[in-house]
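The structure's right below; bear with me while I get my questions together.
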Amino acid sequence: MSLLDIENLKVYFATRAGIVRAVDGVDLSVGTGEVLGLAGESGSGKTTLGYALMRVLPRNAKLDGRIIFEGRDLLSLSATEFNRVRGREIAMVFQGSMNSLNPVVRVEDQVAEPLILHGGLSEDEAKKRARELLAEVGVSEDKAKSYPHELSGGLKQRVAIAMAISTRPKLLIADEPTTALDVVTQAQILRLISELRDRFGLSVIMISHDLSLLSEVCDRLAIMYAGKIVEVGSKVEVVNTPEHPYTQALLASIPSVERVGEDSTSIPGEPPDPINPPSGCRFMPRCAYARSECKEFNGYLYELSSTHRAACVLVGGKPIERVPR
Amino acid sequence: MEVNPLSEYLVSGVNLTKHFESRRSPIEFLTGRRPPPIRAVDGVNIEIQRGEILALVGESGSGKTTLGRLLLLLEKPTSGEVWFDGQRIDNVGSRTLRAYRRRMQMIYQDPYGSLNPKLRVSEIVSEPLRVNGIEVKKDRLAEYLAVSGLRPPEKFLDRYPHELSGGQRQRVAIARAMILEPEFVVADEPVSMLDVSLRSEILGVIKRFNQMLKTSFLLITHDLAVAAQVSSRIMVMYLGRVVEEGDTLGVLRRPKHPYTQTLLSVVPRLGGSLPKTLPKGEIPSAKNIPSGCRFHTRCAYALPVCSTDEPELRLVDGSHVSCHFAEQILSGSTKQSTS
Amino acid sequence: MGRYIAKRALTSIITFFAVLVLTFILFRLLPGNPVLLLFRNPQLTQQQIAQLSAQFGLNRPLYEQFILFIVNVFRGNWGLSFYYRAPVTQVLFPALLNSIILILPSTILAILIGVGLGVISGWKRNTLTDMAVLSSSLVLYAIPTFWLGILLIMLAVRIGGIPVSGMLSIGVSFTSPTQYLGNLLRHLLLPMITLTLVTLGQFSIIMRTSVINELTEDYVVAAYAKGMSESRLIRKHVVPNALLPTVSIIAISIGTVVAGAVLTETVFSWPGVGTLIYDSIARRDYPVLQGAFLIVALSVIISNFIADLVYAYLDPRVKYS
Amino acid sequence: MSDHSTLKRYLGNRKGSLGLAILVVLVFMAVLAPVISPYKATQIDPTAILQPPSAKHLLGTNEVGEDILSLIIWGSRISLLVGFLATFVAVLVGTAVGVVAGYIGGFTDEALMRITDFFLVIPAVVLAIVVAAVLGNTLLNVILIIGLLSWPSTARVVRSATLVYKQMPFVEASKCAGAGTAYILRRHILPNVLPLVYANTSLTIANSIFTQAALVFLGVGDINDISWGQILHFAYASGAITAGDYWYAIPPGLMIVVAVLGFALTGYALDEVLNPKLKAGVVFESA
C-alpha cells in the first residue's frame, strides 16, 4: 500500500505577467520504505511539488487536488492541524543547506526544536537526543554546539538531515540535497540518506536535475516536464527502456565518464513558458517524433507495465480518447 | 623580459605557488606571530599546449581555481613563473600585461554574476572589441552568438540577461570570451551551475571554439564526466599539489592515484550504485596541510611512510603520479584498509 | 569577539580624535572664529589680551596650539563661560544630567515600542494592521520634533494642569522627595512623549524592513517546515536575526535622536544641553557652545560603542570569532 | 528592464503614486507662488493682526498682519530649494566618496569610511547649528552645511553596492578584455549602483527639508527668508503657541510633514521598484 498518493495536484502562482502553472495536474504515489526520484530541468515544477507537499508556498500560490497521506487528505487539514504533520510525519531537507539553518542558533538547538515541538520533550531531553541524532548522521559531539557558519557545507547538510529525521518522519522530501556540495561529500550524503531509509523504513522523495545521481539511489523514478509527470517507472524501466521521448533525450544528454571524447546529444530548444504552455503535449515543440495528434494530447499516462507509465501518444499506440480518471 | 623561443607550450607555470595570508588576531598581532597562510597552490608545474583542452580536476579547496587565475595573472603568484607564448609574463609591467590580457580570457562558473544586468547581449559581447578599439561588426557578433548556440542570433542581440535562461547566459558569456579570438581560455566550472541536461551542449560550444579558433582551454571542473567529454588531458589536484596527470583515457581507464580513483568512483553513473568505499571526512583546510602525502588522512591504502614522506610526481604507466604505491595500486596488489 | 570590540573601540577613539580636530578647526581656525572675535572686544585691556593669548597659545605655532587645546580638553579645562562667568564644565554637567533624564527613558521606550510595532508590521505585512502601523510610523517620521512639541503644548494649554515648560515648578519648595519626583515627572511628560514619538517611527520602519528581509531567507522556510506556529517562528527565528541589522541602523541614527532631543528641550525649555546650545548661540557664548558640542559628540560616540557591544552580544558570528 | 515597465511598476506602487502626487503639487505651488498666492508674502494688513481664518485671510494672519496662506505658499520655495540644492551637494559628494572607497579599497577605503562614520555619528543638526553660528547665517551657508553633512548615508549605500558589484565576475571579465578603471566605473559599476542612489536621494531631500526647518526654527539661518520653519519660529517666539493661535502654528508644520512624507514615500517606492528583492519569501499559509 502506498504511503502517499498525490492526485491531480495543481500549484498555480498569480504573478504580474499572468498565471504560472508550476505544477499542473500531477498524479504520483510513494510506497512505504521506497525512494522515489523526481527528475526534471530547472523550472519543471519539481521543487514546487516538494514545497506543496509541505504546504510551504508563497502567498500568491493556489493549491488544488488531493494529497492523500496515510488515508487523510492533507489539503483538507486546517493550518493548525497540518502543523502536527509538517515536520513530524513529513519532513524536508532543503536545497542549499548553507541557507536552511538559522545563523544565530546553535545547531543542536535547531535539531532539538522539532523534538520540543512534536515530541513533547523537555529542552534538556531534546538537546540530549539532538546530540545523539547528530552523532548518528556523522556530526561529532564537539561540533554539536557550533553555529552554522563554523561548519562545512557537508556538515551543515548532515545537520539539516538530522533536523528532518529527528521526529522519525514517515516521509522525507530531499530537494537537491547535494547541490553546492563536492563530489565526494555528495556521495557521502546520498549514502547517509540510503542508510537512514534502510534503518527506519523511511520513504523518500528525492528531487534532482541529475538523473544519473537519482538512478544510483532511487527505487523508482518520475520524470517531470513543464509541470507534468511524463514518465514514471522502476529505476530499471526508466533507465533501460525509457518510453517518453523527453526521458530518452534527457538520458542521452548526460555526460558520462564511460564515453570519453564522445559528444552527448542535447535536447533542442528551451523549456516552454510556464504562463503560456503549448496546448497538447508540452514537449511537442522540442520532440523529434512530434506529429499532429500531439496537439490534442491530454497528458494521460499510459500503462506500460504494472509499474511503468508514460505520457506520450506514441506509447503502445493506444487511442488517445481515454480520459484521465 | 625573459624569452624562451624554444618553448613548445603556449602557457606554462613553473613551480607556481600562491599563499594567501590570513588575517592576524589581536594576540598574534601583539606577539608578532603570523597565522599559517592558506597554501592554495603549493609548487605546481603545468604546461598547456597550443590547441589542447586540459581538464584540471579536484574538489573545492584543491586550489584548481587559484591555479587557473595565476596563469591569467589575475592573482599574483607568491613564487614561481608564468610563461605565455615563449615569454615570461609574471614579472612584466601592467602596460605589457594588458597587451597579453586580450590573448587570454576567462569563462566563469556563475552565469548570473558574469553578465552585467544593465547591458544588452549585443553590448556585452561587443565590449571586448570596443575597449580594444576594434570596429564592431554586427555580422561578427551574430556569428559568435550562433557558434555559441544562440540561434537565430538576431533574436538575442537586444535582450537583457534577465530575459535569458541560465544556459543561454552561459552561451553569451562564452561568446564574449571568444570574440577577441584568444589563444588561451580558462573556463572555471563553466557547467557546474547548469542542469545536467544542458552540460554537454555547453561543453560542445567550448569544443567548437577550440576547433574553430585553435584556442587552448584550461577546463576547471570537479566532475570527471565533464572532463571525459571534451578534454584530451587531465590533471588532478589535491590540496595545492598535482597528484596525477596524463591523457584523458589513461587517467579515466587506469587511474593510479587513490584520490583519482575516489573521484572516479563518486561520479554518478546511470543505473549504477553508490561506491562501496568512500574516503573518510572532508578535504582538510589548506591552512593546515597534512605532513607527508597530503592525501594520507583520507586514503584507504595509507601506510606509515605516507604520513612522513611526500611522494614525488613520477611517470607510471604513461601518467605522472605522486603516490608511493602507484604501481601496486595499479596492479591491485595492495589491500585497502577497511573504512 | 575580543578582536571585534578592540576594533570598534579603536574606531571610537579615532572618531573622538576627529571630533577634537573638527572642534579646533571650527572654533579656532575658520575666519570669524570665536577666539578672534574675543580679541576684537574694544573693552579689553592690553594686559587682558596678553593673558588671553597665553591661554590659547596664540603666539605659538599651530600644532602647539592644537596640543594645548587637546591637553586642556583632557584636563577638564574647557574654558570660561562668557555668560555665566564660570568654568564651562560646571555649566555643562548639570545640563548633561538633565538631558540624560529626558533622553534615556524616551529612547528606551522608543526602541521598545518601535521595534515591537516593526515586528508586527513586518509579520502582518500588506494587511490592514501593517498599513495602519506603517502609515503612522511614516507620519511620525515626517513630523518635525519642534512642531509636535508645539502641538502638544497647545493641547496641554487647552486641557490645563500639565506643565509645558521647564523641569520643575518655579518658586515651589518641595517638602518631600515624592513631591519633588512627582513634579519632575509631570514636567517630563510632554517632552518625553514628544521625543519618544518622533524617534519611534523610524525604528519601527527599520525593524519592519528587517523582518520582511528575514522572512525571505531560506532558513525561515526550513524552520517553518519543522511544523511550528507562526508566532513561534517569528519569536524564535525571525526576530533574533532581524534585530541585527536594526541594532546597527539604530546605532547610526543615535545622532538624530540627539538632534531630536535638542529641539525637544528647546521647545519645552528643558534645562539640558540642547537648551544650553540654543541659549549659547543667542548669547554668543562660544566656550559653552564648544563644550556642549564636545559633550554631545562624546555621548553619541559612547552610545554607538554600546550599540556595537549589543550587536556583538547578539550575533554569534561576532561573539565566537 | 525597459524604462517603460519601470515607470509602470512605479505608478502601480501605491506609496509611489501618492508620493509623486504630493511632490507635483508642492513643485507647482513653489513655481506658481506669485500667481496662486492671494497676497504678496510680506504684505501687511494692519487691520488684521493675529486674526483667525476668515474669508479675507483663509488661514488667518500673524502678529504683524501677514497672510498665513501666502506665507506658506511663498515659504515652499525656500524649503524646496534648500532640500534640492543641499541634496545635490550631498549626493554628489556621497556618490564620489562611496564609489572611490568601494572600488579602490584598501587604505583609501579605510580612511574614507572613517571620515564617513565620523560624519554619520556626529549629530548633524547640532553640528549645523554650531557651524552656522560660527560661519554666519546666510542661505547659501545653510545649504552647504546641510549638504556637506548629509552625504554619509549616500556614501555608505554606494560603497556597499560598489563592493558587491566590484567583485562580480562581469567586472573581472571586462578587465580581462582590457577595460580600464574609468570604463568599468562608468559602464559597469555606476549603472548598477545609481538605482540605489535615486531612492536614497529622495530620502535625503526629505531630511534636508527637515534639517532646514529645524535650523530656522532654532534661529539659525536667515530669519528673513520665508520658509515653513521660519513661520513656526515666529509663531513660537511671538507666544502665539501658548495663546492657542492654532491657525498660525498648524499649517506650516503640516506642510513640512506633507513634504517630508512626499519625498519619503517616493524614496521607499523607488527602492521597492528599482531594487526588488529577488526572492518572494512569504511562507505563511493563506489556504
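Details
Letters A, B, C and D mark the chains in the order given here, with residues in each chain numbered from 1 onward.
In this section, contacts are C-beta pairs under 8 Å (C-beta built on N, C-alpha and C of every residue); 3 or more make two chains touch, one makes a residue touch a chain.
Labels paired with UniProt names: C = Peptide ABC transporter permease.
Only a predicted model underlies this, so the values are computations on that prediction, with no experimental measurement involved.
Shared contacts of chain A and chain D, meaning chains that touch the two of them, come down to B, C. Chain centres were defined as the mean of their Cα atoms; on that basis the chain farthest from chain B turns out to be C.
Between chain A and chain B, the centres computed from C-alpha atoms are 32 Å apart.
Chain centres here are Cα averages; for chain C and chain D they lie 21 Å apart.
If each chain is reduced to the centroid of its CA atoms, chain B and chain D end up 51 Å from each other. The mean-CA centres of chain B and chain C are about 55 angstrom from one another, to the nearest whole unit.
In chain A, 56 are the positions where the chain touches two or more neighbouring chains simultaneously.
For chain C, the set of residues touching two or more other chains reads 217, 221, 224.
Residue numbers of chain D whose C-beta contacts span two or more other chains: 280-284. Considering their complex, residues 72, 74, 98, 101-102, 104-106, 108, 110, 113-119, 124, 127-128, 131-132, 160, 162, 173, 176-177, 180 of chain B touch chain D.
By the touch criterion stated above, chain D contacts chain B in their complex at residues 1, 168-170, 172-180, 183, 187-188, 191-192. Residues of chain B that touch chain A in their complex: 59-61, 165-168, 195-201, 203-204, 207, 222-226, 228-230, 248-249, 252, 262-275, 278-279, 282-283.
Across the complex, chain D meets chain C through its residues 114-115, 117-118, 120-127, 129-131, 133-136, 206, 210, 213-214, 217-220, 229, 232, 235-236, 241-242, 244, 246, 249-250, 252-253, 256-258, 260-261, 264-265, 277, 279-284.
Interface of chain C with chain D (complex): residues 11, 14-15, 18-19, 22, 26-27, 30, 32-34, 138-139, 141-147, 150-151, 153-154, 157-158, 164, 212-213, 215-217, 220-221, 224, 230, 252, 254-256, 258-259, 262-263, 266-267, 277-278, 281-282, 286, 289, 292-293, 296-297, 300-301, 304.
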